[in-house]
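Chain lettering (A, B and C) follows the sequence in which the chains are written, and residue indices restart at 1 in each chain.
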Amino acid sequence: MSRNSEDALIELEGIKLGFQQRLILDVEQLQISQGGLTVLTGANGAGKTSLLRVMAGLQESDQGKIRFKGDTVSYGSQGLEHRRRVSMLHQEPYLFSGSVLKQVCYGPISHGLNQGIEEKARQALEAVGCLGLVNRHTRQLSGGEKKRIAYACLLALDSELLLLDEPTAQVDQESSEKIRKLIQMQLDAGKTLVVSTHQPEWAKPLKPRLCMLEYGRIVSDTRWN
Amino acid sequence: MKSYSLILSILLYGFLVSSVAAYERLKLATTTSTANSGLLNYLNPVFEEKSGVRVDAIAVGTGKALKLGQNGDVDVMLVHAREAEETFIKEGHGVNRKDVMYNDFIIVGPASDSAGINGMDDVILALRKISEKSSLWFSRGDDSGTHKKEMILWKESAISPSGNWYRGLGQGMGKTLLAADEKGAYTLTDRGTFIALSTGNKIGLIILSEGDSRLFNPYGAIAVNPERHPYVKYKLAMKYINFLTSTEGQSLIARFRMKGKILFHPHNGS
Amino acid sequence: MTFLFEGFLEGLQMVFQGNPAVYNAAWVTLKVSFGSTLIASLIGLPLGYFLASSSFRGKGFFTVLLQTLLGFPTVVIGLLVYGFLSRRGPFGFADLLFTPSGIVIGLVILAFPITTMFTMTAVSGIDPRAREMALTLGASRQRTAWTLFKEVRFGLISALLASFGRVASEVGIAIMLGGNIEGYTRTLTTAIALESMKGEFGFGIALGLVLLTLIFITALLSRYVQKL
């Protein structure tokens, strides 16, 4: 545990990730403290998604270290613990074939819960306004619905850090406002969120910290008030 | 989840059922002529009833049957190639050879009989004529007892058969007869297989040469040498051989008919 | 034409009159095919998953090796296994030659490359986001594998089916390792080989009909299972 990071929830140090001889991620230092919203922005291919995946424990970086609450994050078969503390919403989430209810219950079951799972799932579905879809097959959903169901999957878990990749991409005005409300709700509950987006203005009302990525580097780090 | 457990349980069930084994089993290597004629299906149940042993008959050519015995993969053999059997015993692979029964070989061919051998009882002359006329001849070509016999006969005729008219098929007796029927070829066959096929109207070939003493076809039973292969079921093998050569076994063989015809004559018969 | 027609008629008659030889052979075929498909799946499913989801040195070579096995003539497999199971071979002591278990061993060698390659193809075809979804929702590696298997169950069922169809319709291994012993190791295919040798066309047709029906039922069953 490093001394100056005692209040950091997640801390990245010297993260480098290459892909086909190109450096797509080069983050010297990034600390995100407990509670609050961090928005990652930048052009396509700036490394937003890769950074989220690295933080989520889905992608191991070539170099560098990540600490979560002071514990060094590991990957692969050792990464289960970390993956149960952090969850990520993909830009175009994949839903398993089966009912919506089963999909939302998947996380809590994976976390080893054995009571109140369905209740949790229903609450999460209600929060994203999809309770009516509970018995629908995941194949019969629109893109926007899929995204909300996937969000519900995250809500059904008590993850300490939520990573959302472009939650408002290809989503209409109304839905994107709904998502903002959801995020606000989570912030009020004391959660920590990192959200990537092309349209940082959308997140302005949430008064986030704004990190700008360019070619895998963080080129600016400001707080919006 | 449901679907997988269903498949798995079906597979598991099938597998468990398949691994059930109950009887003591005696492995018999024999020739296609005894198995396909139905003789073994007639004899073995009687033995199985008396002894409580299942006889697993593996029907191959005599050459292959002897090879299986030499490797110790079977316990007992019922074959027909006297010379090869004697070599087999001499080399120590088998013991207690007993004569069981006999029938005879015949030369069959198309009714048109282009070589003109119909009615010849000297098989050597008949073969010479076939080769002179270059009439189509199908040989088993599979190192079976019949094939071994054929080679001996050609040797006695001082002919080394080759050329367009002579074809080795590498097939069993049944297949060879069917092929000879299709192509109008001559061939050497044991009488049993021929009767089985011709009475069923499967083939139109006719008997052209028979009765020569050189066409005598004795069947012998041999136990695999237990000193070579200690795990063979020698006692059971001897039980089986003794059954075949017993008064009961011999009279069973004498009474065996296929489609009303006699196929095998017991060794101890009149 | 009458020859064909009569054979067919005779065959149908035997099937519907419950000819014991036909049903014995069908039963043996079922047993060895189920047994070998089960074992081949226990090998092929994990192996195929492993090959699809990991990269290591020599993976390409290994895949080519499997593809070669896929095209291996059954008589060669039969011959090789015969060498191992014969009393003179290294596993002669087990007394497996000319038994149903002996056939199963040969058939497993025939079938596991099929189940492995089918599984590998199915699993590599999975959307990579499916894996990440399971992982980020906190699934363990085993649960992730199970989830992915469920996502590609159609592919896996076709792996089992392809394997079952292959082993049920195979002749060379069954005859070389089973010895075509009536009521014990005589399968539908080896019985057909024998009956055709004896010129019993109708009997052969009857056996062929049962074999076809068997494979047809398997296909129906798999359709039903896919709907669950």
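Everything below uses one rule, namely that contacts are C-beta pairs under 8 Å (C-beta built on N, C-alpha and C of every residue); 3 or more make two chains touch, one makes a residue touch a chain.
These figures come from a predicted structure and were not determined experimentally.
Counting C-beta pairs in contact, the chain pair with the highest total is B-C. When each chain is reduced to the mean of its CA atoms, the one lying nearest the mean of all protein CA atoms is C. Greatest Cα centroid separation from chain A: this falls to B.
Taking the mean of the C-alpha atoms as each chain's centre, chain A and chain C sit 45 Å apart. Spacing of chain B relative to chain C, judged by their CA centroids, is 32 angstrom. Here the CA centre of chain A is 77 Å from the CA centre of chain B.
Within chain C, residues 150 each touch two or more of the remaining chains.
Of all residues in chain B, none touches 2 or more other chains. Residue ranges on chain A touching chain C, taken from their complex, read 53, 56-58, 77, 80, 83-84, 86-88, 90, 92-97, 106-107, 110-111, 150, 153, 157.
Of all the residues in chain B, the ones that touch chain C in their complex are 1-4, 6-7, 10-15, 17-19, 25, 27, 32, 36, 41, 54, 56-59, 71-74, 171-172, 174-175, 177-178, 196-197, 200, 202-203, 229, 231. Note for the complex: chain C touches chain B at residues 30-35, 37-39, 41, 86-88, 92-93, 95, 97-98, 100-101, 104, 149-150, 153, 157, 160, 179-182, 184-185, 194, 196-200, 225-226, 228. The part of chain C that touches chain A in the complex is made up of residues 127, 129-130, 132-141, 143, 147, 150-151.
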